[in-house]
Every structure is written in C-alpha cells, then in structure tokens.
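Following this line, the structures themselves.
Shared between the two complexes below is chain A, which pairs with chain B and chain C, respectively.
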Partner chain A sequence: MKVELLNPFLDATTSVFRTMLSCELSRGQPTLKRNHSPEYEVSGLIGLTGKCQGMVVISLGRDTAIKAAEILLDERPDSLNKDVIDAVGELANMIAGAAKAQLVQFELSVGLPSVICGKNHSIGFPSNSTPILLPFDSEIGPVCVEVGFAENVPEN
Partner chain B sequence: MKVELLNPFLDATTSVFRTMLSCELSRGQPTLKRNHSPEYEVSGLIGLTGKCQGMVVISLGRDTAIKAAEILLDERPDSLNKDVIDAVGELANMIAGAAKAQLVQFELSVGLPSVICGKNHSIGFPSNSTPILLPFDSEIGPVCVEVGFAENVPEN
Partner chain C sequence: MCAKVLVVDDSGTMRKIVIRALNAAGFGDTVEAGDGAEALTVFQSSQIGLVMTDWNMPNRSGIELTRDIRALGSKVPIFMITTEAEKARVVEAIQAGITDYLTKPFTQDDLKAKLEKYTKA
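Presenting the complex of A and B:
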C-alpha cells in the first residue's frame, strides 16, 4: 500500500485521540498484516470509497473501549453496551473523516461504521489488498488501526 | 429503513446465489435487528457510500462458507482459509454491486470488503441506523444478510 495513503491515517488517529479523548498516542512500527489473527475484543470498521476503495479498522480491548466511551460521554458505561458500540463506531468515523480530508485527490466518501465484538474474532481483507497494521499505545491501553486499500489505486 | 433500500438487497442476494453458486435461496421474513447477538461464524462486510451511507453484512456458518468457496473455486478448501475469506468477501462485493445497480438514484460506490471470523462475534451498527436482517435458507445452509443505512437518507 502506498505511503501517501498510510500517513493520513497515522495522523488522523493521533489527532482524533488527542482532540476527542484528550489522550496522547505513542506510535509503534507500522507493519504488513500477514495473517488475520485476532487483535482485540472490539473493532470498529468503516469503508472508504472514491477513486480507490478501502477499509479502516480500529481495534481496542474491552476496557479501553469502555474507557474511551466514558471520556466521550462523560459517564462510565457499565458494560460493552450500545453506548460503547456507538463510541467505537464514532472513533472509526472520525479517523476515516480526518484521513479523508488529507486525501482529497481520491475524492473519498466515508461509509457507515459497524462494530464487531467478540473475544476471538479475526478480520480478513481480500487478497487484492495489503492491509497495514498501525499499532499505538496510550494511557487507556493499546490501540491498533488497520488500513487496507484495493491494489488498483490510481496514480494522481 | 426505507423499503426502497431493502428490496434491492433481497433481489441481489437471491440473484448472486443463483448465478454464482447455482444455489436457490428461500427467503424468510425480514426483521428489524434488535440486538447485536452473533449470527454465524463468518461475516463478510462491505460499505456503500454516496447520497446515503450504508453497510451490508452477509453471515454464514463455517461449513456454508467453505461450501460456497468450493462452488466458486471448483476446489474444496480444507479449512476456513484465505480462499474462503476471499470467497465470502467476493459474495459481499457482488451483493452490494448488484443492489447498487438498482439504487442508481443514490449514486452509491462500493467499498473494500472485509471478512470477520469468530465463533461468538457480534456486529453492531450505530444508533442512527436501523439494520434490517434478511434471513435465507438454502441447500448449503442458512445465510443471513444485514443491511443498515444511516437515517439521513435523502428523498429522491
């Protein structure tokens, strides 16, 4: 995947966590995702379409997801409930929206988020994409963002 | 969710299974999805964006997913491997593409599919959408399609 597609998602994630959650992320090393082994219990997915097609996934542990919802809502959810699902979907939405703003040349639109919960879920991307894994650490726990775009990305 | 958005997905699912898998689906009753309890072990997700934002999910059991891949590839995968993930992603892609063709007024683009595997995964949609569950039965097993669109769907 092209670096020009990757950096906006690194910046967007850092920026969304800073502004929406008052939480500083420290970046780990981006890596190619070589398998689809589970990462964390909660994943927010959102599609991007335009001159290229992509999917962004933000994955967090259960406690991190609940903590993020607590900060966003100013009230602690007592379980992995609808409020947490909405909060994780909204984080995915904001990250995709912030990245899109840096990728105007691809004329991207952001889809509807969905949120996967499950202790051993894995997320696979199609063979024609090479998803990149962006690991982050923070005071509320580790966070992982995966970005995959179809290979037929046009030159611009 | 508007019926005009729903019927194209019913038709698209039936049509894709008939033409790609030579498999006749029998339709169950569409219902509002009232919780996010797990349906089946494998789910293919794909986003749709344009004048409205949506997500389509096709869920199948492990054996049904492997059987679908076998029909598509003319070779039986020995496990829930990359071939099965590609096949389920491609089914999601074809269903979204066929539905999009019937929804030209929304100028939809189809995103990159992703495929969730996990015995107890659940898929939640944001509160501003009311996903509809479309259950089907077939000779290769039950199949469920969920369609959610954000509520701010424009009049056309």
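Presenting the complex of A and C:
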C-alpha cells in the first residue's frame, strides 16, 4: 500500500486522540496484517470509496474503549454498553474523515461506522488489499488502527 | 441568547459533546435529533433559534436538512459540524445555506469561539 495513503491515517488518529480525548499517542512500528483478527476486542470500522476502495478499523481493548467513552461523554459508562459502542464508532468516523481530508486526490466518500465487540471476532478487508497495522500506545491503553486499500489504486 | 438549539447527529456521543459545549457557552435549552428527517419534524414543531447539525447521517443528511429549512423560508442560523473538511464540501454547504462550519475533531473552545462569534454578531 502506498505510503501516501498511510500517513494521513497516522496523522488523523493522533489528531483525533489529542483533540477529542486530550490524549497523546506514541506510535509503534507499522506492520503488515496477515490475519483477519483485530488486535483487541472492540473494533470500529468504516469503509471508504471513491477512486480507491478501502477500510479503516480502530481496535481498542474493552477498558480503553470505556475510558475513551468516559472522556468523550464526561461520565463513566458502567460497562461496554451502547454509549461506548457509539463513542468508538464516532472515533472511527473522525479518523476516517480527517484522513480523507488529506486524500482529496482520491475523491473519497466515508461510509457510516460500524462497531463490533467481542473477543476473537474477525474482520475481512477487501480481498485484493494488504492491510497495514498501525500500533499506538497511550495513557488510556494501546490502540491499533488498521488500514487496507484495494491494490488497484490509480496514479494521482 | 437564542430560544432553543436543535442538535442533530446520528451519534449520541457527538450530540452529548455538542450539548455540553453549548451548556458551557450559556445555551442551556437544547433539543436533539438523530437524523435529518427527525430534525425537520422537531424544527417545524418547536421554536428553534439555532441548528447545529452533522453532515453524514442516515435518513436525510445535514445538507438536505439545511436545504429543507431554507426552503421553509427560515433564516435561523445553521452550523454544520462535520468531518467533511475539503474546500468543495464547505462551498457546497455554504451554497445550501449554512451559517458557519466546524470540522471534527474539535475542542470545546473551538465550538465556544464559533458560538461567541454568532452571539456577538
């Protein structure tokens, strides 16, 4: 996957966490993702279409998701409830939207977010994509963002 | 200060964030809607003094809501709060009739500054 597609998601994730959660992220080493299992049990996913097609997934642990929701909502959810799920979906939405703004040349449209909760769930990226896993660490816990675009990305 | 603020977003999280910022800025009277269609119903049945709307929503978007409100002849201020940040999209929203625009992610201070600009106008 072209690095020009990757960097906006790195920047967007950092920006969203800093702005909305007042939380600084430290970046780990991006790696190729070779299985369908997200790193953690809560996944916010959102599709992108346009001159290229792909998907971005934000993966959080249960406690990290609850903590993120607590900061956004200014009240602590008592469990991994619908408020937490909605909060994770909104984080995915903002990351995709902020990245899209840096990818104007691909004329992307962002879909509506979905959130999946549960250990051992699987998420399938477009079949001709090789997703990249972007790990981050933060004071509220580790976070991963997975980005995959179909390989027929046009030259811009 | 305006009568009532209509906050429209399909995300309950974002509605709470916006309402909290509105309350902090002195706008204590708010009503919510989860999509553009519901918002239009609320708008037509209430004395709304300000609309804060998301763009991308199921069941009628924020742009469509804006056009609907303007088609009613209303000049109520409409703020678009959205992830759509490209210039062409901003122009589209202005042409639809919005009053101001705030891109996500944003801080409470960002929203407060926008509201202060409106209330001092």
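Here is the rule we go by: the second predicted complex is superposed on the first by the 152 of 156 C-alpha atoms of A that agree within 3 Å, B and C clash if a C-alpha of one lies under 4 Å from a C-alpha of the other, contacts with A are read in each partner's own complex, and residues count from 1 in each chain.
By definition in this document, a contact is a pair of C-beta atoms (placed from the backbone, for glycine too) under 8 Å apart; a residue touches a chain by one contact, two chains touch by 3 or more.
No experiment lies behind these values; they were computed from the predicted model shown.
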Quiz item: With the two structures laid over each other on chain A, which partner does A:6 touch: chain B (first), chain C (second), both, or neither?
Solution: neither
Exercise. For A:112, decide between first (touching chain B), second (touching chain C), both and neither.
Key: both
Practice problem: Please indicate which partner A:94 is in contact with in the superposed arrangement: first for chain B, second for chain C, both, or neither. | Solution: second
Quiz item: Which partner does A:104 reach: the first (chain B), the second (chain C), both, or neither?
Solution: second
Practice problem: Have a look at where A:86 lands relative to chain B and chain C in the superposition and call it first, second, both or neither. | Solution: both
Self-check item: Dominant contact partner of chain A by residue count, chain C or chain B
Solution: B
Quiz item: Regarding the shared-chain residue A:71, is it in contact with chain B (first), chain C (second), both, or neither?
Solution: neither
Quiz item: Between chain B (first) and chain C (second), which, if any, makes contact with A:16: first, second, both or neither?
Solution: second
Self-check item: Intersection of chain A interface sets (partners chain B, chain C)
Solution: 82, 86, 89-90, 110, 112
Quiz prompt | Touch list for chain A against partner chain C, complex | solution = 15-16, 19-20, 69, 72-74, 82-83, 86-87, 89-90, 93-94, 96-98, 100-101, 104, 110, 112
Quiz item: Okay, in this complex, where on chain B does chain A touch?
Solution: 36, 38, 45-50, 53-55, 57, 82, 85-86, 89-90, 109-127, 129, 148-150
Quiz item: Mind pulling up the chain C residues that touch chain A in the complex?
Solution: 10-14, 16-17, 20, 56, 58, 82-86, 103-107
